[in-house]
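One chain, subunit A, appears in both complexes that follow, with subunit B as partner in the first and subunit C in the second.
Here is the complex of A and B:
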């Protein structure tokens, strides 16, 4: 059976189970809330999928989210204080958040291509540095004072659950999916993750491709930072802490192999729904919130375990 | 034998630091022929192949393609001249299918700059058909599921697809069983039959004597001799490989003692 269809069935089963335990789960209010959680996670998980398919990993997505949220909050506060309109402040916020994320991604690219660090270490360094930098900039307190009405703008729902940021995120994820599955860029990403030697032999400039991938990963994380800002109305250094775990989990649950060269973005999208759905569901059925990390960890273990088993059965054929 | 050779090497030298790996090597490969390149471990076969492929630019000497001396400073130069190397460890990506591998780095795009899967699939099937390949079930199979012989087939078909002029096969049968070796050697002959200059690097004397038209023997970085297959016996070739000379053939006694290296 098609893996994506199987994942979709898991998602449906999850909805059914939570609804049976507490019927409140099946409501547009809960779905709207899950979507709001899903937005930043799916952006980072999309970034993560690109990176993992290329044979790497990006631990800095959560810290990049935090840093770009903080820096764009500071920029928006300045612009708002100078009397500019909320719209121009939010536009600036998007640009600054994207640029900060991009910068984090480029640093990853330099560390991997020039300093020759393995992706795990390179992104571990930028993760620490980005988190530290956002604490330095804010002293640990959330940065508010941005454009008035940003929360109202971003939380106004259409059809009961879709907000403007969610629609934008959906468009970005669909575009990323087309980019990964229908273009030369995507094909080369799989080739590099599958056999870097073969990719080089085919004339692919692996270094420049990796720059693009990590830059894109940073950019998407930066946009996730803006998403979170719009939702909370402030930028906080801690907003991305631990989020890389959810992003990696969504990609892995979606069938992306940490060995590289394997993964579908549709799977990641469903994986992100499973993660955020489970977290909301647990709260609704009365499980203490602190159990969340444990549950995500367990989901990763189950997903990777299942992949390993299905790989073995493939080989046994 | 009257035509200009597809590829001719004259006086090629290559050193890595103080180590002189190739010294004034001459070598010729003709279109439509299989030219074997043999020699003991460390004789310089791999280095010579990498010089032709542009991976190691030569220190001195000429690379002459179809009568014109060319400078090959990198793999891209070699690729532009139509040189394709099929490595022993097969540069195929396991997680991609046959079509994806054959077109890797040279994908056919639609007008919208997306991948033109249908065209690529058709061209891949044509390339396989032109070599009379019947061992591959579907061109959409992932390479990981292929046998060693099938992988070699895909790698060779790739060179047909790209209309390569010089195809270098590095130990294509090293990891294969008897039946698969037969199939790959057939394929090598058909590839040459399409007008390609095939260079076969091999340790296997049976393979060489079976498919080669011409045999170049490297001995300690020197071309001991390049001979027509029909003019020599297997014993003579083995002597050339191990001693650098065989009767009248090969290096002079002084050279073959290794003193010059």
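Here is the complex of A and C:
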């Protein structure tokens, strides 16, 4: 059975179970709640998929989310204080958040290509530095005072669940999917992830390609930072902390191999739905808070395990 | 009392002599001749090791500590990790100040067990210890413990919530509590006070859900979003700390429920006070960290000079309930940025 289809069945089964226990779960209000969590996670998981397929890993996505949220919040607060309109402040916020994320990604690229650190260590360093910088800039308190009405703007739903930021995120993820699966950029990414030396031998400029991949990963994380800002109306250094693990989990649940060279964005998208859906689901069906983590961990094991088993049955044939 | 003051006078005189001889030519006559005022004592050095330098709560505390240090003419060594509230980052600072010549240690233990050996170490060096805000499990070697009372704060939050919902006996009110984690001691104390006050005074209030934010505002936001979906008749929310306050405030704004669901916050951070002004918070429980620190410094000076702190072994500084109505007199409790 096709892996992505199998994964989709896991998602459907999850929805059915939650709905049977508490029918409120199957409502546009709950789906809207889930989408609010899905937005930033799927952006970071998309970033993660690109990086992991290329044979690397990016631990800095969560910290990049936090830093870009904080810096764009500071920029938007300045602009709002100077009397500019909410629209221009939000536009500036998007640009600043993207730029900060991009910068984090480029630092990763330099550390990997020039300083020759393995991606795990390189991005661990930028993760620490980005989190530290966010704390230095904010002193640990959230940065509010940005454009008025940003929460209302970003939470106004169409068809009961789709907000403007969610639509933007969907477009970005579809574009990233086309980029990964339909272009030379994507083919090279798989080639590098499968065998870096062979890719080099085939004439691919691996360094330049890795710059692009980590920059793109940072950019997507920066946009996730703006998404969280719009949702909360403030930027906080603690936003995104630890979320790199959720992003990696979403990609891995989606069938991306940590060994590189294997992965499909459609799987990642469903993986992100599973990770965020289970969180809301457990609250709706009333699982005690401390048990939620245990259940999420078990579910990840089941989702990944099911795919492994289906792989084996394929091989057996 | 009499003996104490005699000892004080003797110490003062000794300090005066020491001061003069130590300073030598540097000290002017005027200074040397001034009566046994604080300025001519041997200047005491008190180390104050707190949780996180960057947190406005501790910044507010520093204002009080510096004020008391000026009044008492002591050197204040304000020390602690930049941003991280944890024993791993705090213990090196405690070790560092104990290695210097300090006369007293005011400590905000970031963990009741992990900092116990540090207190014992100070004791072995004959350095008195006063704990503020939080304390260690075994207080034998602690001269005094000054705190804002989290249980009292939780109880006040229950009162404020009941008032905001116009509580009347016989009716049922569903409320939910957002906390940061199952292990945060301040959160546990606030929750305990909140629950026992409700059990004692407000039988109609039902706590339908509790959830943890893991210190992330977006997780707090998810929790509140789901409560609002699951309990369309939710009457109130107690956001136990700043992270939960941010998450709850944005959820209520997004769902147009400001004013319909009562929201009680904790800690007078500036952005919280702004939310109170906008009516998004119904009420807020504020502590008085400056007062805690001030009292700690004064008690420490007394302890060093007289062997007695002059205060009870445990002093609780009461919390303040801030509302839009009383903001005129309570806004001064806002923590400095």
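The definition used in the following text is that the second predicted complex is superposed on the first by the 288 of 317 C-alpha atoms of A that agree within 3 Å, B and C clash if a C-alpha of one lies under 4 Å from a C-alpha of the other, contacts with A are read in each partner's own complex, and residues count from 1 in each chain.
Here is the rule we use: contacts are C-beta pairs under 8 Å (C-beta built on N, C-alpha and C of every residue); 3 or more make two chains touch, one makes a residue touch a chain.
None of these values were measured; they are calculated from a predicted model.
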- Task: Please indicate which partner A:183 is in contact with in the superposed arrangement: first for subunit B, second for subunit C, both, or neither.
- Result: first
- Item | Chain touching more of subunit A, residue-wise (subunit B, subunit C) | C
- Item | Touching partner for A:29 - first (subunit B), second (subunit C), both, neither | second
- Message: Applying the document's definition of touch, where does A:236 land relative to subunit B and subunit C: first, second, both, or neither?
- Response: second
- Message: Let me test your reading of the model: by the given contact rule, A:283 touches which partner, first (subunit B), second (subunit C), both or neither?
- Response: second
- A:194 contacts which: subunit B (first), subunit C (second), both, neither? first
- Message: For A:155 in the superposed arrangement: first (subunit B), second (subunit C), both or neither?
- Response: second
- Of the partners subunit B and subunit C, which touch A:83 in the superposed model: first, second, both, neither? neither
- Query: A:135 contacts which: subunit B (first), subunit C (second), both, neither?
  - Reply: second
- Complex interface listing, subunit A residues touching subunit C: 22, 24, 27, 29-30, 33, 36-37, 40, 132, 135-136, 138-142, 144-145, 151-152, 154-155, 228, 231-234, 236, 238-242, 279-280, 283-284, 286, 289-290
- Message: Quick check on the complex: what are the subunit A residues that touch subunit B?
- Response: 178, 182-184, 187-188, 190-191, 193-195, 197-199, 201-204, 260-262
- subunit A partner contacts - residues on subunit B that touch it in the complex: 75-76, 79, 87, 89, 91-96, 100-101, 104-107, 109, 113-115
- Listed in rising order, the residues of subunit C that touch subunit A in the complex are 52, 54-56, 59, 82-83, 182, 209-212, 214-218, 221-223, 225-227, 229-230, 242-243, 246-247, 249-250, 253-255, 269-271, 274, 337
